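Some structures are shown below for you to check.
Both complexes below contain subunit A, partnered by subunit B and then by subunit C.
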Partner chain A sequence: MEKRTRADTFVEEISASPGGEGICLCIQCGTCTASCPNADRMDHTPSQLIAMARAGMKEEVLSSNAMWHCLSCYLCTVRCPRGIKQTDLMHALECLAIREGLSSGRTRTPAMYRSFNDFVYSLGSLPEFGFMTWFYMLTNPLRAFRMIPVALSLLRHGRLSIKARRLTPEGTSQLKAILDKAESLGGAS
Partner chain B sequence: MRYYTYFPGCSSSEGGAKAYGWSTQAVSKVLDIELIELDDWNCCGSTPYSSIEELASFCLSARNLALAEKRGLDLVTPCSSCYVILNRTNSHLKEYPQLKAKVDEALAAGGLEYHGTVRVRHLLDVFVNDIGYDEIRAKVKINLGGLKVAPYYGCQMVRPRPSFDHPENPQSLDKLIAGLGGEPVPFPLKSRCCGGSLIISEEALALELIRKIFDSALSNGAECLVTPCPLCQTNLDAYQSRVNHKFKANFNLPVLFFTQLMGVAFGLSDEDLGLKTCIVPTERVLAKYL
Partner chain C sequence: MERRIGVYICHCGSNIAGTVDCEKVTEFARGLDSVVVARDYKYMCSDPGQNLIKDDIKEHGLSRVVVASCSPRMHEPTFRRACQDAGLNQYLFEMANIREHCSWVHEDKGMATEKAKALVSAAVRRVYYHEPLETKEVPVNPNVLVVGGGIAGIQAALEVADSEHQVYLVEREPSIGGHMAMFDKTFPTLDCAACILTPKMTTVGQHPYIQLMTYSEVEDVSGYVGNFKVKIRKKARYIDEDKCTGCGQCQELCPISVPSEFDCGLGKRKAIYIPFPYAVPNKAVVDPVKCSHLKGLAEGKDVCRICQKGIEKKGIPGCEADAIDFEQKDEIVEVEVSNIIVATGFQQFDPSVIYQYGYGRYDNVLTGLEFERMSNASGPTNGEVLLADGRKPESIAILHCVGSRDENYHKYCSRVCCMYSLKYSHLLREKVPEAAVYQLYIDMRCAGSGYEEFYERLQEEGVNFVRGRAGEITNIAERPEEEGKLIVICEDTLVRRKRRIPVDMVIMSCALEPRADADQIAKTFSLSRKADGFFLEKHPKLDPVATMTDGIFIVGCCQSPKDIPDTVAQASAAASRALAMISKGKVEIEAAIAVVDEELCAGCKICVDLCPYKAISFDEEKKVSRINEAVCKGCGVCVAACPSGAITGKHFTTEQIMAEIEGVLV
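== the complex of A and B ==
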């Protein structure tokens, strides 16, 4: 029987997500890292993450702050000589990190994404003001205070709606039915 | 008259980029385009959903696509994030049959189905390719007389899929600006990232990216920037004072939606275009054209 290593299973998990399958094709050329506007803010660069994942370093990879600093700018994706969808790979790692309860505590991005999604799930639209206030109060009320000038200038220029756009009641329940079904089906892989 | 199904996205409908929605409609009218808003559309989920809840993110888009499919017209959005997310769903559903099976099952729970036939277009693509530069030029009433404009494309309109423009050195906005009589300045960072939604969670990191964009625009003589993305506009405009504060700089660069600039050249009124919603005042550079 073929012997399976820890690395095999982690790579398989990643490969099962759409876009994650490219991880096997990487030649470690470093183009993605050289292109990434945020690589210097990541504890492991995009190409390092791939090397670490292939070495089976699951915990180190999933607790990294790297994917949470990804901006989804897709520069790595258009430049990769192996056609790897590096941005999707970052998303796949974010999903896995959440699923395994390992997402980095050194960045507020997971909490921000969570608040955003909660609003969209319950309303079907994103009320920017409510979402931002909620997120700041949740993570750092002091920052909410510092953001008041920005909020005021948006308000003064008529750009902060307190009211959220609502779907029709039928649309709302249809969307809920779809999202709840998706939830019951597990992840995208 | 040309007809399209219109997907404004949260920001350009009732959110912070309302003026983008207004100016889109006003300029489209001049160009004989009718944008018919998709009934009861939902948020595309943007980067946050696609990052941490992939399947749900595809389902959010798929509901919109399924609703649009019933109409049979191209689906046009002015928002780069909606554009990338809706297109991503289209291409992933084709590429990953297992994913498609799950999305189909979820859609069925809402009584919908999607067959993958909707073409998702960015508003800029429709303007420059369906209408064309010549026809746009023909509508110009007020020549912008050499106004120096930095065309800021951002990321998600030009990447990751080969779309209607080059992924790293796009030209469509440059040509459009020139057609209005403006002068597109050379702008090496034209398709670099503004920090996106990380402006909220990791502000310091995003402010630094924005500063670099301003440096690049200003050092090439730009008097203002234009963009086809609500998030880029908000980051560059509303956070300009934060950039100034953080880097002890004094940038004073108006940031317009490209539709607002078109509207000025078409002789439309300030009210139609929502220029007053810009946080960095636009009068200084636009007064002579209004």
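== the complex of A and C ==
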């Protein structure tokens, strides 16, 4: 049977990504925006992002900073009257943005994800010291100096480990297999 | 005996012919056993289509007819009548559904044609074994029962009673009037609800053909269309209704105050009370839970009775009509009726479950009904719009879709909220003209006569319409102007900004939902419920007031949320349906029913309990089950359940069903 496709393929693309399924159900009531603690920092409100996506504004949507400001508090998801998993949708847009090379220059979150992923992939664990240093190297090394007092304070309280705990070689290779699989299923990294 | 079968394949325009190759199916039918004629035609239900059948019956001496077309729910009666007209017993007809069951649900033409052939083959094999059956007619009782005394029940009762047929109107509360009696004004014409309702209420109270039973509930319904027997419990009112003059002296004297249900808890009533000033009947009622004398009686003590005795020291008399009777007991009344009109209404969604809206946590967050009472001149504030501390509000927000259009609560649109929200805005502009009014909507749904014009009027009256649903209501101020206010947080989706709107009062336009005991009511009256919980009508478009149980009708908001004009129209429709049957004087009983072979019946009584229509009784003398032909709907539950195989469903015999299955498979 021939599959009916919408005229606009961008919505199709989002609907097909994990988390993006409900995009066609949105009634533009704005409950997500009203519930979002970070909406004021976003260049487009969460519901506006959906409207833009449905209008086929792919570039504007994927280069928006909105999804990168999502804190995953899930208030929008809990309150959405249409049962749309807005938080998951935001993360789906992040994946698409990275894949399309359109992730916003105004946010460092993609670099944070990058750094996080690199460490977990190679070590199987997350040594905070190295992870944060690498993150500042990728973004703005000067900022790292501003964070020194915080780092010292964390160190004093035993909250900052310098030495990485390594998994067994077997464990690391198993984890790599899992992450490779996730990437092959469409996860962006 | 030789069977001569005629088969007719309908194109239904392109509905069937677009997916099924009707010529091929006809050709196939011609080759089937006992088929003497097979034809296809554009519209079998049309007059020329029916004439094809009639002529063939006469010309070819057909003894059986199969029509392959739409659902039997649509046109089985049409084709049965055509057969009957041509002198063929209507039960010698069979319908194959090749539209809903085939062309509408398939896309592959070849496969759909094959399926249509299989369905036709099944019908042909089945009809081979059909037996002629005779329908019976039974006389009907001319009385009607109306359950629920809101505007729906009142209207239905008056329509029937005006034709001089006896109506029993049963209302659970002490007075009729329902929700409409609580309203202030009505959209879009702004008539005062009481002004247009009370004349109807008093007419009901005085009508010679209406027996009004308030504070009563239907306990049991037995019998069948045309001849229902209904058991009604008249709850003890502790008042002799014949003596009570409605003077109100008792409620003046009663020392016990409790929140008034009629005023949504915003005002008080006494333990002995008349529900509201224009109650019908205008009789007092004693609240058995709150009355200290009745509570005392339970412990064997004689306390209070001030309402009865008065206050001797001050020379104030008690009930002068001697109408108070603490000895009164519940009473069971039995009535016989032909039709039952169920008008049990709705209840308002309880918004306290939406925690972020703060209903019950913040003062000055009101439900729609609470606002109706506040705005009503006979309400607890004499019609003044006041905050909990007695101040007048400077700003008010009205929230649409609270509990409606929401996956988490009710998916459906409650249909009336947009309009009543507009009405609230108007009342607010009128009563607190200096206050800012915000209306937060998702979509404005103003479909109805004069409704869009009313919306426009409110735009002119200066209401601030904000397109966005409230995310939450908080009292945590972030800016000086928010201090001491309720802040409604929403996205103004037209300007794409998150907004914080500080207001003094929030009114929530809550969903209309099925009553909490709808399930119980459904059981009592053998009704089905839709996925949303409201009662299921027989057909959503073509039979919106009848139900699957003949003789039982549903009207008003127990069927689905609707406004007053629609409710009144539906009530009148149900009344006319009931009257149509009464004026005919008799009702036809379905012939396709179950019969018990008394020789085989073991008397296990399994069928008696299973029958959803209470059609099976047990003959204790002969120890066999007996089916009441008039009540049986031929559903087949007993047939399937009978361990002795003693019950046969006429028109659904094992032979017929097996032949049908064979036909599909071969």
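The criterion applied here is as follows: the second predicted complex is superposed on the first by the 173 of 189 C-alpha atoms of A that agree within 3 Å, B and C clash if a C-alpha of one lies under 4 Å from a C-alpha of the other, contacts with A are read in each partner's own complex, and residues count from 1 in each chain.
In this section, a residue touches a chain if its C-beta (ideal position, glycine included) is under 8 Å from a C-beta of that chain, and two chains touch if they have at least 3 such contacts.
Remember, predicted model here, so these are calculated numbers, not experimental data.
Colleague: Please determine, from the superposition on subunit A, whether subunit B and subunit C clash or fit.
Modeller: After superposition on subunit A, subunit B vs subunit C: fit, no clash.
Colleague: Tell me which partner A:34 touches in the superposition: subunit B (first), subunit C (second), both or neither.
Modeller: The answer is second: A:34 touches subunit C but not subunit B.
Colleague: Contact-wise, after the overlay, does A:180 reach subunit B, subunit C, both or neither (first, second, both, neither)?
Modeller: first
Colleague: Which chain makes contact with more of the residues of subunit A, subunit B or else subunit C?
Modeller: With both complexes superposed on chain A, more residues of subunit A are touched by B.
Colleague: Taking CA centres after the superposition, what's the angle at subunit A between the directions to subunit B and subunit C, given in steps of 10 degrees?
Modeller: Result: 80 degrees, to the nearest ten.
Colleague: Please work out how little space separates the C-alpha atoms of subunit B and subunit C at their nearest point after superposition, in whole Å.
Modeller: Once the two complexes are overlaid, subunit B and subunit C approach no closer than 7 Å between C-alpha atoms.
Colleague: Shared contact residues on subunit A for subunit B and subunit C?
Modeller: 75
Colleague: Quick check: in the complex, which residue numbers of subunit A touch subunit B?
Modeller: Interface residues on the subunit A side: 17-19, 37-38, 41, 69, 71-75, 77-78, 85, 87, 90-92, 94-95, 98, 107-114, 116-117, 120-121, 123-128, 132, 135, 139, 143, 149-150, 153-154, 157-161, 163-165, 167-168, 170-171, 174-175, 177-183, 185-189.
Colleague: Which of the residues in subunit B come into contact with subunit A in the complex?
Modeller: 10-11, 13-19, 40, 42-43, 45-56, 58-60, 62-63, 84, 92, 95-96, 98-99, 102-103, 105-112, 155-156, 159-160, 167-168, 192-193, 195-198, 200-203, 205, 209, 238-239, 241-242, 276-279
Colleague: If you look only at subunit A, which of its residues touch subunit C in the complex?
Modeller: The touching residues are 1, 27-36, 39-40, 44-45, 47-48, 75, 79-83.
Colleague: Which positions of subunit C touch subunit A when the two form their complex?
Modeller: 107-108, 356, 401, 405-408, 442-443, 467-472, 489-493, 496-498
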